[in-house]
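Below you'll find the structure, written out as structure tokens, and then a few comments.
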Amino acid sequence: MYSFASDYSEGAHPRILDYMKKSNLEQNAGYGSDIHSNRARDYIRGIIADPNAEIQFTSGGTQANLLVISSFLRPHQAVIAADTGHIFTNETGAIEATGHKIISVPSKEGKLTLEAIKQGLDIYSTETRPQPKMVYISNSTEFGTVYTKAELTAISNLCREKGLYLFLDGARLGSALTSRINDLSLKDIADLTDVFYIGGTKNGAYLGEAIVITRDDLKEDFRYLLKQKGAMLSKGFLLGIQFEALFEDNLFFELAEHANKMAEQVTEVLKELGYKFFAEPCSNQIFPILPNDLIKKLSEEFAFYTLGKVDDNSSVIRLVTSWATSQESIDKLIGFFRKNS
Amino acid sequence: MYSFASDYSEGAHPRILDYMKKSNLEQNAGYGSDIHSNRARDYIRGIIADPNAEIQFTSGGTQANLLVISSFLRPHQAVIAADTGHIFTNETGAIEATGHKIISVPSKEGKLTLEAIKQGLDIYSTETRPQPKMVYISNSTEFGTVYTKAELTAISNLCREKGLYLFLDGARLGSALTSRINDLSLKDIADLTDVFYIGGTKNGAYLGEAIVITRDDLKEDFRYLLKQKGAMLSKGFLLGIQFEALFEDNLFFELAEHANKMAEQVTEVLKELGYKFFAEPCSNQIFPILPNDLIKKLSEEFAFYTLGKVDDNSSVIRLVTSWATSQESIDKLIGFFRKNS
Amino acid sequence: MYSFASDYSEGAHPRILDYMKKSNLEQNAGYGSDIHSNRARDYIRGIIADPNAEIQFTSGGTQANLLVISSFLRPHQAVIAADTGHIFTNETGAIEATGHKIISVPSKEGKLTLEAIKQGLDIYSTETRPQPKMVYISNSTEFGTVYTKAELTAISNLCREKGLYLFLDGARLGSALTSRINDLSLKDIADLTDVFYIGGTKNGAYLGEAIVITRDDLKEDFRYLLKQKGAMLSKGFLLGIQFEALFEDNLFFELAEHANKMAEQVTEVLKELGYKFFAEPCSNQIFPILPNDLIKKLSEEFAFYTLGKVDDNSSVIRLVTSWATSQESIDKLIGFFRKNS
Amino acid sequence: MYSFASDYSEGAHPRILDYMKKSNLEQNAGYGSDIHSNRARDYIRGIIADPNAEIQFTSGGTQANLLVISSFLRPHQAVIAADTGHIFTNETGAIEATGHKIISVPSKEGKLTLEAIKQGLDIYSTETRPQPKMVYISNSTEFGTVYTKAELTAISNLCREKGLYLFLDGARLGSALTSRINDLSLKDIADLTDVFYIGGTKNGAYLGEAIVITRDDLKEDFRYLLKQKGAMLSKGFLLGIQFEALFEDNLFFELAEHANKMAEQVTEVLKELGYKFFAEPCSNQIFPILPNDLIKKLSEEFAFYTLGKVDDNSSVIRLVTSWATSQESIDKLIGFFRKNS
């Protein structure tokens, strides 16, 4: 049964596998200080035009999130996040396990608003509550939505005015930056945030997130944290090689764009058939609202997640495409919807 | 310059790469619940003859250590380890970062003795000190030594008598079990400890350690910890595939034996040339004591670590072989020693 | 200016001071193992008819909360609490600092409902979220309300059915148990919960909360935690002496009843004058809704907290009475209201 | 049986009790922001001639230690301490429980030496080990010894050169500063360290340590930590009143001097009788080496701790005097030694 359940079902893009094979018997330095990792760092530094950015690779998103948050906050400080944010809903208390409270505030289709951040700051303003010191956002969000340049700039300005670090979880940053409605560049992301990461795992790599720290006073000793949290791989070059392949030329963006295009075809047909969406689709995750009996039938041919009821007759499902989604599988999905609607 | 500095300089054994390639476009379940991981689990369960062993894969040794220790201990409990143990000397305080003290006791060539454990228990016996509840050993040790069946049985018996969990760090377990002086089987390891792990990273895998929990009351909810500490990979099948390849037939043991044999050749020549060793060599790490000028010359042709001075004229170095060490490189190294001694 | 802002403005009840003076030059054992602490333990064990209850004294409520929660939960486990609960709103992230998430659920006038607990269990039911393992309630609550025997029994039954520990924060337990609407005894509290504490600080002691653990498997090694968290006083007898004085005869209940009676007089007059309350008053904290200009005038003669606006013209304030509140000060307050309404 | 086992067997100096009684029915602000605490702060700031010192009161030494260390260190940083230091031997892993390793180095009669600190820095110098960032010393030490001005200056200079915070545990600072061999003033302590505390619990108070932070960049938000760790008492004025009494005039120093004088009389007699000491006595804790049969006889009339064997016939014991030790009890003790030697 074909799965639209996630963007991490397949292995790695063939070019990545080739690079791994080609370098397999090289002797490389350990712990991420090898030439592949350094080359990947240089590619990324070039794109964001910041030769001093601190870049470290880690194996997954939860690890990246807990590393960044626990490295930069003092014990009494907290991070503001949308109540739909991955750190709040999907990481088994990873952030709290490092001692920090997540101040959850209402989100708008997965996005954090200025009003919500200000509300968090208002309530958490005395020494009897943890002190907000960081804002966490994800782009694209857990509902597939993306931030516009205006929105991210406004959040960035508020954070700088209030002395808050701005941290962007980019597990699906490729998909965000190649969204049809996106107007942000990777350089904008670097300029407007203090730290962010570029997700490889969900965009063609076997595993790997590139954490990019642009704010000078946060760079110090970050590698100690990597080591302490078990995030520094002996064969760190495995991460370096993958990001080298992704950023040597345009592969990272090509793969993300492919995933978005695949989702877009499905979106268009579903709209044509009159279905609504939980949030306006614009990246590789779409959330159509479908009749329950259609969902039942769909589940006999495809794998996907059902998120919850909308009313007695219909529910929201999540369909996810990836770098590996074939036109053939999209055609089958579209065919299913046309036939059964 | 050829490196004998570590056993994690190269990528993965070609058969592993082949398996990765073969399964690359399969759609697999996420988070380690895929068929490859399950097959690997079954292979290992078969070898240790324990169909109920809880087995989870993680990406590295520090991660495995902090997961096991923080999962099983209550906040006031501590782990007894040799003062040369990896968790005490080489993990940037990873264990303490989870809240637990390491009670370090004197080691004998990297091995923990009954006397040392008892000494730890004696000193840490009141409520003003943390309560010892676990014993940590590594096999092979940080000095390349291995435990005999008699030694491990004695430690196991003491632990069971005193109500201590016994945890064996097997980052280099392959090398230990194929040592010329080894008399332990993998099944013995499983029987005598409560939890241990089988190192893939240093024995032919890109990354991966298989944590094996045999004691029933420690199995519960271990996956929650994996997720919380950022150790559960989205594409967990990457670890499963590698262990599948290592344990489907005898590859794991063959690779380790190869590494040992390579080291043995060097050992024999060094002994023949009259050099002493810091600890009697028996695995893939050897620690010869060499004249400083010979070390200097050696460093012009090979990479390796110098551990420290023995006297004014000589020092201990570490030479490490691996699954990837070629006979050719060993011949060159041996040639060097013969020529320069 | 007379303060109705808190029940911890004054020192200790004179009888407590007398006991301190009387025993001042005695030589007592340290760390809470003295005869006064033991006598206090025996008094409490007698009242709850549980000779095996584990009882330890600590200096304050936040300390008691973090001790209990961090002692009993494993790293991946969380505590369910009302979103108005003291641990969620008023302890600077003390619980999260020990690594545990608080699952906050909607409260009803400060009380937790079965529905809210079940809602928490429903959402937190997979390994991608922390595992609920404890329910935290406070009695009287942060809004001065109290649990009935039926309510507490229902929560207790649900907890036992679901394998959740039930923890009752009794910082104001005296006030709850002497409320005019209370139908619970201290023994009931002990029977229906797994652990609770009896607040001294807000009921006549200088400082001190008596943590009572009734569930056998939670008793082990609790004193290690006390010591580790800096909660074990060298002169632990200072806490023992105070609880000895409070429980030797009925003083603990007399003081709480006095505080309640003082508040009741104010409540009656405010009701007579037509004012509403944020929650039906029944203990030593009352929350009247008053016109803003009356609040302004009141603040010129008395100290108290204003909690927030109800509409454009009125706000909720908190008035707190204590063992030390005099009839004279109540008369003045009542006089103020009569004169200005 | 009279006890020389500790300096925390009795309650509080009568003047402190008087102050408590006098202010008992005052209404004071909570959480340490009352006038008594502020007055005590001003007295201490005056003595150390630092009007900007941040001063917070806490209830005990372990609490003070864990607060200071966890507040100032980042997650990967460690504290260097003597292997006899209270935080290493006597606090049930309180520091590790906040995530930080204690780098224990050899001590000289309880004192830390420059050589030992440098040795710690040498070994802990790479990213595979925690990063030393603080030095912890206690004065007087756990063996009753005291630092000279020259010694403390040398340590302070080394710390400043190496970028290490210097933290002085002054649980027995009174005894140190009134030692016959002391040449340090309280102002010297403040000038030479970054943070220290003044112990009340072991010098006449019921409970209380005054934490004094002199280094500007460590002052920020310290009260958040106090609250989070359960160290901020509702009735914080209880601590303020006691320090007010101790520092309003010379009481703090008088009480410590009394304790020292009492110990000195015992020392003189023991020396006269030919006994040796484990460390040269100079404060209120003395460690004579006595024949085992004499120790046995002594234990029938007095309480004290035996630390360990020196040889087959003799052991070290600890005798502690305090502000409450009477001349009569010293006379009895001296009488015992004269009669039995």
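We just call them A, B, C and D in the order they show up, numbering each chain from 1.
Note that contacts are C-beta pairs under 8 Å (C-beta built on N, C-alpha and C of every residue); 3 or more make two chains touch, one makes a residue touch a chain.
Remember, predicted model here, so these are calculated numbers, not experimental data.
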Chain pair with more C-beta contacts, B-C versus A-C: A-C
Chain whose mean Cα position lies farthest from chain D: A
Geometric centre distance via CA averages, chain D-chain C, whole Å: 34
For chain B paired with chain C, centre-to-centre distance based on mean C-alpha positions, whole Å: 51
Distance between chain centroids, defined by C-alpha means - chain A, chain C (Å): 43
Residues of chain C whose C-beta touches two or more other chains: 75-76, 91-93, 97-99, 127-128, 130, 224, 227-228
Sites on chain D touched by chain C in the complex: 2-3, 6, 8-12, 14, 17, 20-21, 23-30, 58-67, 91-94, 97, 201-202, 206-207, 224, 227-235, 237-238, 324
Interfacial residue positions of chain A with respect to chain D in the complex: 70-71, 74-76, 98-99, 127-128, 130-131, 221, 223-225, 227-228
Chain C - residues contacting chain A, complex: 75-76, 78, 89-93, 96-101, 127-130
